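Mind having a look at this structure? Questions to follow.
Just so it is clear, A, B, C, D and E label the chains in written order, and each chain counts residues from 1 on its own.
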Amino acid sequence: MSAARASGGPAARVWQAVRLPLLTIITLAILWEGITRIFEVPASFFPPLSVVLADAASVWSYLLRSTGRTFLETVLGFLTGSAFGIFCGVVFAYSRNLERALFPLFVVSQTIPVIAFGALVIIWFGNTILSKVIIAFYVTFFPVTVNTHRGLLGCDPQKVALMKSFGAGEWTIFRKLRFPTALPVIAVALRLGISLSLIGAIVGEWFGDTVGLGVMLIQAMYTEAVPRLWAIILACGLLGSALYTVVSLFERKFIWWRQD
Amino acid sequence: MVAAGLNIGAVLRERVLPVVLGLAVIGGIWEAAIWAFDVKPYVLPSLTAIFGATIDDLPMMLTALQATLYEAGLGYALGTAIGVALAMLMVFLPAVERGLMPVVVAINSVPVVAYTPLALIWLGIGPASKIAMVTLAVGFVILVNTLHGLKRPEEAAINLMRSFGAGPITIMAKLRVPAALPSVVNGLRVAVVRAVLIAIVSEMLGAYAGIGWVIFQATQQVDFLLVWAGVLTASVASMILYLLLVWVDRKLVWWQ
Amino acid sequence: MPPSSTSTAMAPSSSSVSSAATAPAVAGEKPPLLELVNLWKRFGDGPAQVTAVSNVNLKIREGEFVCLVGPSGCGKSTLFNMVGGLLPADDDGSILMHGRPMADGALLGKVSFMPQRDLLFAWRNVVDNAILGLEVEGTPKAAARARALEMLPDFGLKGFEKHYPHQLSGGMRQRVALMRTFLFERDMILLDEPFGALDALTRAMMQRWLLDIWARYRRTVLFITHDIDEAIFLGDRVVVMTSRPGTIKCDEVIELPRPRDAGIVTSPEFIEIKRRLLGAIEEEARKSFVSTTGGAG
Amino acid sequence: AEKASLRLKWLPQAQFAGFYVAKAKGFYEAEGIDLTINPGGPNLNAEALVASGADTFGLTGGVESHLAAVDKGMPLVAIGVSHQKTPYAFVTKPDSGIKTLADFKGKKVSTWYTGAQYTLKAMLATGGVGEGDFTLMPQSVSLNPFIDGEVDVATATLYNELNTLKSRGLTDLVLFQPDDFGITVQRDTLVTTTDTVKDKPELVQGFLTATLKGWKYALEHKAEAIDIMMKADPGMDRKHQEAMIEAIQDVMVYGKGASDGLLAIDFDSLQKQHDILLANGVMKAPVDLKAAFDPSFWDKVPAEDKKL
Amino acid sequence: MPPSSTSTAMAPSSSSVSSAATAPAVAGEKPPLLELVNLWKRFGDGPAQVTAVSNVNLKIREGEFVCLVGPSGCGKSTLFNMVGGLLPADDDGSILMHGRPMADGALLGKVSFMPQRDLLFAWRNVVDNAILGLEVEGTPKAAARARALEMLPDFGLKGFEKHYPHQLSGGMRQRVALMRTFLFERDMILLDEPFGALDALTRAMMQRWLLDIWARYRRTVLFITHDIDEAIFLGDRVVVMTSRPGTIKCDEVIELPRPRDAGIVTSPEFIEIKRRLLGAIEEEARKSFVSTTGGAG
């Protein structure tokens, strides 16, 4: 596989990248429509794709507004959550005592089902976008912390020794060695985190919000509007995939090397 | 010899003490804040009250916990198996990754709770629907982590294996899997907590039993202490599971 | 790759010693075990393209011990990777075995290959790293371990069977990699600077090992080294590669009688061969430092 | 204008039309109140939000949850009761063979474990059906188990699930309404805190007056009310909302709600509900109904503003 | 560690050449730049304990070029790590600098250290790997890069400035690591087999570089090698370590005049020194293969 063969214009490369996913999606779409039509699956059970799309089209502007709002919450939650997660991972990597004392609490925090505490979230953070961002933040930071911690500790001790031989302090070692070493592992958590952040934002919207995919979602759930439910599932999937792709692209651009 | 005697002391001092201290500090802040700001129990009950409620309803909690852990455990096992298998398949056949990954990502971008109504329609109100939800969530976490780990070995190491005539399966078994273990265990760590959480959340939207179910009813009936008792029970259980995994991690990935 | 033509052209002209083409005359009718025909390897694209190996033609007979020398970065390891089937050669040329062209990777599992870097697995101890090849072959672990344990003292590793790679010295790691290669017994052995990190005596002992195996089982050995003494001492032939883009500069048949004694290095024949080969290598090595732009072109 | 907020028990829908109409029509503004309507959601306790002061007013679960909240020490006072009769019914398909309460014996009944199970038990007790005589199971969001015949009896709000069932072809359901058996659970209580009542009586008064005007207007101009609701949540199904407001009218304009005015507080009915809850062990001790319900504000609203 | 006493005891007795103790007489009153007193290093616990370095006593004067040789796995790298401050020595002994005892790690940043493994960072290209030490020092990147770029041709790496480690040959990686060490200019240089992966000429050019720097700036060099010719050719002194547990076996002052010519290796003095040292090393190396149980004990 000489690199010469894989070359081509940017358009060709984009096509190369989207060809298979596109194929899968089209196949799934055809299967979906076909199966539901041929077997006449009741719409309340599993509506045909066309019905779902038609339903989505009937509320498209509201759907778009909701998606935009959820997008904003997700991104804010993701950014703050990742930053905090990385920060804590770093702190834990450097202080075993803090890690031992606080990490279990982090674990405990992650076992608390936020949706049981909608009222608490509103009481503490109000009826603002902040409470959604906080929840997105809350579900994002944990995997980032775990992976950052792991990645930082996974550093080759001989490389650390080399840096020390240059007289590097911990901060320099961190910046120039530990962090780059940990980046690939952190990136995995970021990819998980963006998906979790979206989920957090959506669940956050259940706490008395008026707009967002989460609001549409419960409406649909409790009125058993199955086509609408699917339309929202599609919207979530699309938004999630787009965000995930962006994170992956960043990863591929900045973290291309293989660990050895 | 002497080491064994020392060890228990060391473990107590180095592992247990910080946790106890941490919990004590947080607990202290909690109690103090309630006292200082006169926080009403319906906003945030005191820890002692929560413990009291948990003890009072212990038999019910344990029954509920059993149901939740069953769902979480089975879903966790299934999700791990599926996640690892899928990751391996994607390494064997890169086309599968390119084709399937976006769809998997899309599926995972939808909150599990959004599928829950569908799962309830398709799989009923019993444990099956919860297990499916947990499987879905755990599977994704494991997939992403495992995939990353399996792709970690450098080209040269893979080539070495190939030079021994190793096929993809042997390379997988002897190189990729051991190299991926730290990553997989990472995923397992994150997923164990999520498994319990997802089981609880799914139960809240319809169930016959479980901690989530208890919490849901308690919320509707304004029994805030019972809500917190449920959360406490779930947290303790998750914590134990997590620690179990940390221990497994030590055993499994000792070379790092 | 504009400048590659200069050095390719130089290969036949500057080679004052017996060329590869004349060597097979000894073997007679039988096709050589291995034949490389017009082998090329280029890395990268466009202006940053590096031609690592260019127009390599080489014949290796069964049972031959061939040493490959050449300036650092000239493409020796790349050539080995292609012969071992680990790296597909560019489409220009072909690799023949017993006269038959080999598809990419057809040689995988058919040669004992020792890469330049030790590539020990961090999660396997000394014994388990050594038996990796055997394990892949399907040898039961217990039997494989027994064989490795038996071999440990010969490699100066006794007492270290349970140690892990990070607990070994550089030379010890190399010896484990060496054991791993020897335990994976194949008719053709490719060794990429196997003794680079060893002291004189340890090196001598390892050489003895290698020669013993080679002589006893009539293996075919391809051996990369930077030590010209070692190359002459061990080899039936010493092949010198030009500086990058690497091609065959000359191919010298070493007529010294076997078994060779360590004292042979002071013999006039030896010194004469060494002088000639050193001259050839130095001429090439100098190029990497002078016409450096030719390196990545 | 004074800022205040109202926390609903659920997302915007015609069940809450009166509040949205009052806001859209400027009735709150006219009383000097700048009101924000905050929707509810699953696992969101309107009682807790009002009690904690996060919201000024709340349209909370109903009499039973209000009493439970007061029982648990929340400083809440109800200033109006919206649904004058039990807004849900136990429904069965005509072919299930269930025609009387006695027929429930040996059947599978699903209901919400959010208080509705006590109503069911109390209702069945009047027909001599005890707890062990039938299979009780929790009902989730989905009505599919009922539609598919997995359960014989399901629970449905008259304004929501019943319409859903109708739209899915189940138009000839047999309904068992608790009120027909002397059991009433009034739902959708309008609450605020004791502090607000004490410190800002004029705010409470203004809010209730405007709300009642809103409800009256909404029920008298249903199409316009639905327009307003659709603006609040464009994702809703209009037909479903139109059906809902009809059903809501039925439960609100009933008993004292018909004779005295919307949101009337009927202490006789409350006492009965209180006693049933106490008997079922839902509450541990009797609650002082006079303290938990304060009709004084409602009394001050002119009859023409609250009577249809 | 029962068997360690035998080899420790042997050190003074079997040393037929001038001992370390007599060397400082040349320097006179001034305390040596570096003095190692009774240095020990043990790895692991209990029965699996490995004594890597035992009772090492060594004095190094300012501006001296000291070569360290010894059988593979004898503890050379471990000793270097302790001197460089990367590994704490066991409590038994101490490291003195200018006569003052140094705390663990006090020497960090004060010596140019080149580890045995190249330890290049996968995410840095050739130039950026080379300037790592400078960057840590605080040199502005642009200035550091300019200096590295200037140096590239001398190291035969011109044209490869933008390449990443995985795109380099073994010898090229080593040269990048070497550049990294030279760019980090310190009075003391510790080099752990720096030329192991280089061919004869490249090695000669690198040696010239090193000698040039050493002579011009009067640096102090500690140099590990397996090549006895190299050790004698470069060093003011050649220190031979015993096999594990490594201690000083002998310490030979090389009196050959400087500048030394490549031809010196054939001079009788050179050959005589080489014979003596080889004998000492081989005696030691043999131990790793014979009394192997002493290795891990």
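FYI, a residue touches a chain if its C-beta (ideal position, glycine included) is under 8 Å from a C-beta of that chain, and two chains touch if they have at least 3 such contacts.
This is a predicted model, so every value here is computed, not measured.
Asker: If you check the contacts of subunit B and subunit D, which chains show up for both?
Answerer: Of all the chains present, those in contact with both subunit B and subunit D are A.
Asker: A-E or A-D: which has the larger count of contacting C-beta pairs?
Answerer: More contacting C-beta pairs are found at A-D.
Asker: Centroid from C-alpha atoms only, then distance subunit C to subunit E, rounded to Å. What do you get?
Answerer: Roughly 28 Å, centre to centre.
Asker: With chain centres taken as the means of their Cα atoms, state the distance from subunit A to subunit C in Å.
Answerer: 49
Asker: Using mean C-alpha positions as chain centres, tell me how far subunit B is from subunit E in Å, no decimals.
Answerer: 50
Asker: Centroid of subunit A to centroid of subunit D, CA atoms only: how many Å?
Answerer: 39
Asker: For subunit A, which residues are shared contacts with two or more other chains?
Answerer: Answer for subunit A, listing residues that touch two or more other chains: 44-45, 115-116, 123, 221, 224, 258-260.
Asker: I need the residues of subunit B touching at least two other chains; which ones are they?
Answerer: Subunit B, residues with two or more chain partners: 43, 117, 121, 154-156, 204-205, 215, 219, 256.
Asker: Residues of subunit E that touch two or more other chains: which are they?
Answerer: Residues 117, 166 of subunit E each touch two or more of the other chains.
Asker: With touch defined as at the start, can you tell me which subunit D residues reach subunit B in the complex?
Answerer: 42-43, 45, 47-48, 51-52, 61, 65, 68-69, 72-74, 112-115, 137-142, 144-145, 150, 282
Asker: Help me check something: in the complex, which residues belonging to subunit C touch subunit B?
Answerer: 81, 84-87, 105, 108-111, 113, 115, 117, 119, 121-124, 132-133, 135-137, 164, 166, 184
Asker: Spell out the part of subunit A that touches subunit D in their complex, as residue ranges.
Answerer: So the residues of subunit A in touch with subunit D come to 44-45, 59, 61-63, 66, 115-116, 118-119, 122-123, 126-127, 206-210, 215-216, 218-225, 228.
Asker: Under the stated contact criterion, what part of subunit A meets subunit E in this complex?
Answerer: These residues of subunit A touch subunit E: 156, 158-159, 161-168, 172, 176-177, 180, 255, 257-260.
Asker: Given the complex with subunit C, which residues does subunit E contribute to the contact?
Answerer: Against subunit C, subunit E makes touches at 43-44, 48, 50, 69-78, 116-117, 152-154, 156-160, 162-163, 167-172, 174-175, 193, 196-203, 205, 226, 228, 278, 281-282, 285-286, 288-289, 292-293, 295-297.
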